[in-house]
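See structure below.
Chain naming follows the written order as A, B, C and D, and within any one chain the residues start at number 1.
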Amino acid sequence: MSNTFGECFKITTFGESHGPAVGVVIDGCPPRLPLDVAEIQAELNRRRPGQSEFVSPRQEADQVEILSGLFDGHTLGTPIALMVRNADARSGDYANLENVYRPSHADYTTEAKYGIRDPFGGGRASARETLARVAAGAIARKLLDLVAGIEVVGWVDRVQNISAQVDPTTVTRSDVEAASSIRCPDKQAALAMEKLIASVRSQGDSVGGALCCVARNVEPGLGAPVFDKLEADLAKAMLSIPAVKGFEIGSGFAGTYLTGSQHNDEFVPPEAGDGRLSTLTNNSGGVQGGISNGEDILVTVAFKPTASIGLEQRTVNSDLEPVTTTIRGRHDPCVLPRAVPIVEAMMCLVLADHWLRQQTMKVVSGTPSSSFDSL
Amino acid sequence: MSNTFGECFKITTFGESHGPAVGVVIDGCPPRLPLDVAEIQAELNRRRPGQSEFVSPRQEADQVEILSGLFDGHTLGTPIALMVRNADARSGDYANLENVYRPSHADYTTEAKYGIRDPFGGGRASARETLARVAAGAIARKLLDLVAGIEVVGWVDRVQNISAQVDPTTVTRSDVEAASSIRCPDKQAALAMEKLIASVRSQGDSVGGALCCVARNVEPGLGAPVFDKLEADLAKAMLSIPAVKGFEIGSGFAGTYLTGSQHNDEFVPPEAGDGRLSTLTNNSGGVQGGISNGEDILVTVAFKPTASIGLEQRTVNSDLEPVTTTIRGRHDPCVLPRAVPIVEAMMCLVLADHWLRQQTMKVVSGTPSSSFDSL
Amino acid sequence: MSNTFGECFKITTFGESHGPAVGVVIDGCPPRLPLDVAEIQAELNRRRPGQSEFVSPRQEADQVEILSGLFDGHTLGTPIALMVRNADARSGDYANLENVYRPSHADYTTEAKYGIRDPFGGGRASARETLARVAAGAIARKLLDLVAGIEVVGWVDRVQNISAQVDPTTVTRSDVEAASSIRCPDKQAALAMEKLIASVRSQGDSVGGALCCVARNVEPGLGAPVFDKLEADLAKAMLSIPAVKGFEIGSGFAGTYLTGSQHNDEFVPPEAGDGRLSTLTNNSGGVQGGISNGEDILVTVAFKPTASIGLEQRTVNSDLEPVTTTIRGRHDPCVLPRAVPIVEAMMCLVLADHWLRQQTMKVVSGTPSSSFDSL
Amino acid sequence: MSNTFGECFKITTFGESHGPAVGVVIDGCPPRLPLDVAEIQAELNRRRPGQSEFVSPRQEADQVEILSGLFDGHTLGTPIALMVRNADARSGDYANLENVYRPSHADYTTEAKYGIRDPFGGGRASARETLARVAAGAIARKLLDLVAGIEVVGWVDRVQNISAQVDPTTVTRSDVEAASSIRCPDKQAALAMEKLIASVRSQGDSVGGALCCVARNVEPGLGAPVFDKLEADLAKAMLSIPAVKGFEIGSGFAGTYLTGSQHNDEFVPPEAGDGRLSTLTNNSGGVQGGISNGEDILVTVAFKPTASIGLEQRTVNSDLEPVTTTIRGRHDPCVLPRAVPIVEAMMCLVLADHWLRQQTMKVVSGTPSSSFDSL
């Protein structure tokens, strides 16, 4: 099913970017979870356009309405439906684009797939759809925090060729928010990124870069050994975000330049009073054979430069004639700052799902004396 | 469900690396597809250990048996079950490893997840499970070839720091097979790769690298705009392969260093007599907004260096005591040559699934006069 | 997933009976289907309370709002989200019931499952949830009509011991609507049913009965031979409707009193000019081995007497103390008239889903010369 | 997916009745469950043909082989694949039937769906496929017994018009096995049934009837309020068995003749020392609003008379010509005795699945003080 994500903590999103509303139905959230609509709104506000000069000026309050699944401040265990009305929709900005296939946009492929499309904005392919994921992710985060003590932090790690220095083992969400509106916790790098984005925007152009996201305090045992490897579900989650072109877990592509003896993560026994094994290095990125090993789960996500640019471009219209086009409208010169809550939301959704799935593996009490003793 | 992949063309694999058998059930393959068991066996032979000095010497004939779903050389539309018996299983090679958590292997995480594990080899996390995918992929390839004319070609693009020069728009499967047992179609690079792997193997160490895989002649319209983006399902498919740590589509991470005006793929009208739009560049990697645009679909997959090495390593055993271990057994100093058919199989499975899914989108004949005319 | 139904034409419903709204997301509806909101509203009006003296007087306009998936009177192929606001919610009628487990209601089991419940009305277990199915069913019906020419007609066949005489091969939807507000097309029986229900209502009691539903012009080949037999999916669909306790297809329980020679449906060759095989009798109910055979699909559904009655009953409260209770509020003395559009909707949903699923079976053109010739 | 059943405890079956093998992959069975292949074989032996003169004489040892998922007498948490080779396959009994559409069989509908079929026996529609369910059901039963103390007992309740007197609250599996090879625990009725079946068989004819199945000691809270109601999943499970034409839970069709005041199940407080609510009557059949209430779950299943009869019948062949046919081969004059383990297996599968699903609902500890207190 194209519009559903997750097995146990399952979300289904709906809504075109310029239709009446965008929303999500969350099915499988456990009952009795305390939940305040303000917690969801806070995450939506982080994703909202118009927050700074570095992102789209589209005017959207993005006020969430809860349609079902909550009672008296707690989840009921039934589907939680959330909705945000589109306000600044169907503006004249799209009048000149209605039959133009914008370069590197989904206009042409949408037409190819469906034989019909809403000519206002990106329809389902628009980044506006991601607000539904952010709303659902806020609930997943609440669950992870309450039942598992897991925390998830994302940040802008690189804009074009400006890289940040960030320690994934200690960086906090408030570090990320406090440093700059870029959501890069390395203040010096953030400053340079701001300058770069301002310059690119003034030229009517755009830039991309890389986000990192870490999950800490993840118990060993989440994930699965074959198709639903934790890294596989994270990769799908991240590549399902608009504009993402690449994904790494742990050492990623850089690790492929090492030898096995350099790359392997040596296990070390638990410290006194701490029952948990750890590894000396974390090239594995917290996942071995598809299953969490208790170390930090660290992923890197590549975002291409925004396809919507103000410069004149050559393309083709729906009559297959060559045309030139200049994209007006309300677009981000760099999507990375607003992508941070989206990447975090997707990671929270994957972890909440796998955490719930793992519960059914624990039901037979006791362990066979030892699987090894009896050989 | 952890052991199933796909929505319409759906496979479920089973089998531990040292249990009685490994196999797969394919559900959703259309009826009346001509299919010869030799076509499946040919792909399995490409994945089989013992093919050259550069891969594992484990002795396995990997002879496939068809248990159901075929009659008189054609698919019945019912589940196709395939099975390969494990022959060279449970050897003494694992005697000294039975309670050791091998570094960067899944021994510890399997124990953490299930509270029990088969101490012989990697169980489900073993690369042996991938033979089931290769068998299923052979059937997906047959379907793609017959109903859609799609071809899928993979090759070793880089081993550690030795890169090949390959033209993805023209490289053929026979180019890949003919050049060397490394499965790198650039003969000069292949020679250097062979030397590198031989050297690393003699040191008891291992190396990784990058594979590329291209799908050509994919009709526009496959994929979906949200979670089941073609690149998202491909990313999941690739990250579900053992030892994979990264994924790129099209321009990938390199594209994040460009500006939008450099990165956007300009549309060009169809040539005379050819009704299909194309793009001047292919940074998109054949997918825009999650949906194929008719250009070549090109992905790059990062494989870490093999975790099994012959050098002595420090680690921890199941009593959480520090130990040293040396891995004997039958391992690959570099998994990339044998990974080519696996990566191809996963791409075939994703495309076959999405091709079938797309059929249900085509059922309402005619197009509303024009979605734009009526505005 | 508890709140989703269907594989290809998939619906996810949400909403508590006394929460802000009830709605549905339909995923998988093909694009380009002409669709008017009035067609959906018309079906909702048939299900709506307050239509006659024989059903609940709850005041609900049940005005549907389309949130996504439509553009310019056609489906986009994207999720169609529909919503109905609850108006007459959380009335004082439930004040005295808030901690009482009503007999044969879901109050106690909801509490047992979730450890929490919305004390107003039946929450998710309420028949109010079925409006979401009726809305979705209207779209499924539109698809079936347009692409397959299938028609689905349901009617009240029996109320308690008053049975109707109806010919399933010819009865029309307008017959059903025209005859009486009971939705029984046998006018004489309908009159007797009205009298019975009026009498039962005046006593503060309730009655049940049986509905029939027929699908005509269903092409041979829909369904599946094992778990997703057409009759299995229909049985699940019908038993998922509140108050349903039994299901039959074709000869049902009555057929178990026959011998095989009496029960078997003799095949007869096509009439001249008509290529389709038929059967002399239809004990199979249009389905053989889980797959449609082209004959009318006929099901019978048993509805228990409404659990909400005005008579004083003994029960237990949430402190597990014995109490007596009298249910006020707005309830149906007989649910069958309003259940007709619900049963029809569920049948439309099952058939639309299986019709779409069947499309992927048809993709390999040609038939192997003959599966029999080559033996 | 047509050949998969269940959400958490999920089975996928494969195999044609006269192909190489029939089998099943069970995905989602928790790890560490003690499991002996003999437990599975015992259930298969109950379903096996050739057990008595009242069932098919097809010669099949039905010896099960475990291909994966077990180690050292315990489940690994990985897919459990089981297989039974077909021995007595492709006999000459089908030579005269290869292009005949047997009345009330799936020959024609299989051809209509797939455009191809295995002419030997019923292919996937054959009752032989059910051995895979019985094998999987044995594992589900083991899980239910170990983690939940649930017991499931089925019996033949009626053959044509001969009904048994059985107390569902006390009948045991050994009662059922001990009484007669008919699997009817009412010995007097069983004797009459035997006579009837023998008489019918001697006439080359067949009979049907009704099975009952009860689940005892089911905790309150299993199931779901909407589509996946426990009774809905049970109905699907039962209607997916070959030859089943009807399903009832609790009072079923008989209950539709009662009034609400007669039908409602009065709650009674727990007895001293027993914390569990109960009901005075059990018209609900142990399920209210789709969720178990702790009472016995009781279902009744209607089996039509076997379609394979020895009498000459008129039908049509694949050239659409009228023909007469006499079915030789190895068929059951009455399927009910062999259907008992199948019905039990399906009930065990549904309950194991829902029991596992319920685990994810329990993860938030504590209950909001009281959902009612805060109003």
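Just so it is clear, contacts are C-beta pairs under 8 Å (C-beta built on N, C-alpha and C of every residue); 3 or more make two chains touch, one makes a residue touch a chain.
These numbers come from a predicted model, not from an experiment.
K.L.:
Among the remaining chains, which ones contact both subunit C and subunit D?
P.N.:
Common neighbours, subunit C/subunit D: A, B.
K.L.:
Hey, which chain ends up farthest from subunit C, C-alpha centres compared?
P.N.:
Centre of mass proxy via C-alpha means gives B as farthest from subunit C.
K.L.:
Which integer distance in Å separates the CA centroid of subunit A from that of subunit C?
P.N.:
39
K.L.:
Suppose each chain is reduced to the average of its Cα coordinates; what separation in Å results between subunit B and subunit C?
P.N.:
About 44 Å, centre to centre.
K.L.:
Can you list the residues of subunit D that touch 2 or more other chains?
P.N.:
1-4, 13, 28, 31-32, 71, 74, 77-78, 113-118, 123-124, 225, 357, 361, 367-368, 371, 375 - these are the residues of subunit D that touch more than one other chain.
K.L.:
Which bits of subunit D are touching subunit B when the two form their complex?
P.N.:
The contact residues of subunit D facing subunit B are 1-4, 10, 12-16, 19-23, 25, 27-28, 31-32, 65-69, 71, 74-81, 83, 113-118, 123-124.
K.L.:
Could you pull out which subunit D residues touch subunit C in their complex?
P.N.:
1-5, 7, 13, 98-99, 101, 103-106, 108-110, 112-119, 122-125, 129, 158, 160-161, 200, 205-210, 219-229, 231-240, 242, 244-253, 255-270, 277, 279, 283-285, 287-294, 302-309, 311, 313-316, 318, 320-322, 357-358, 361, 367-368, 371-372, 375
K.L.:
Note which residues of subunit C are touching subunit B in the complex, please.
P.N.:
8, 28, 30-34, 71-74, 77-78, 146-147, 225, 356-357, 359-364, 366-368, 371, 374-375
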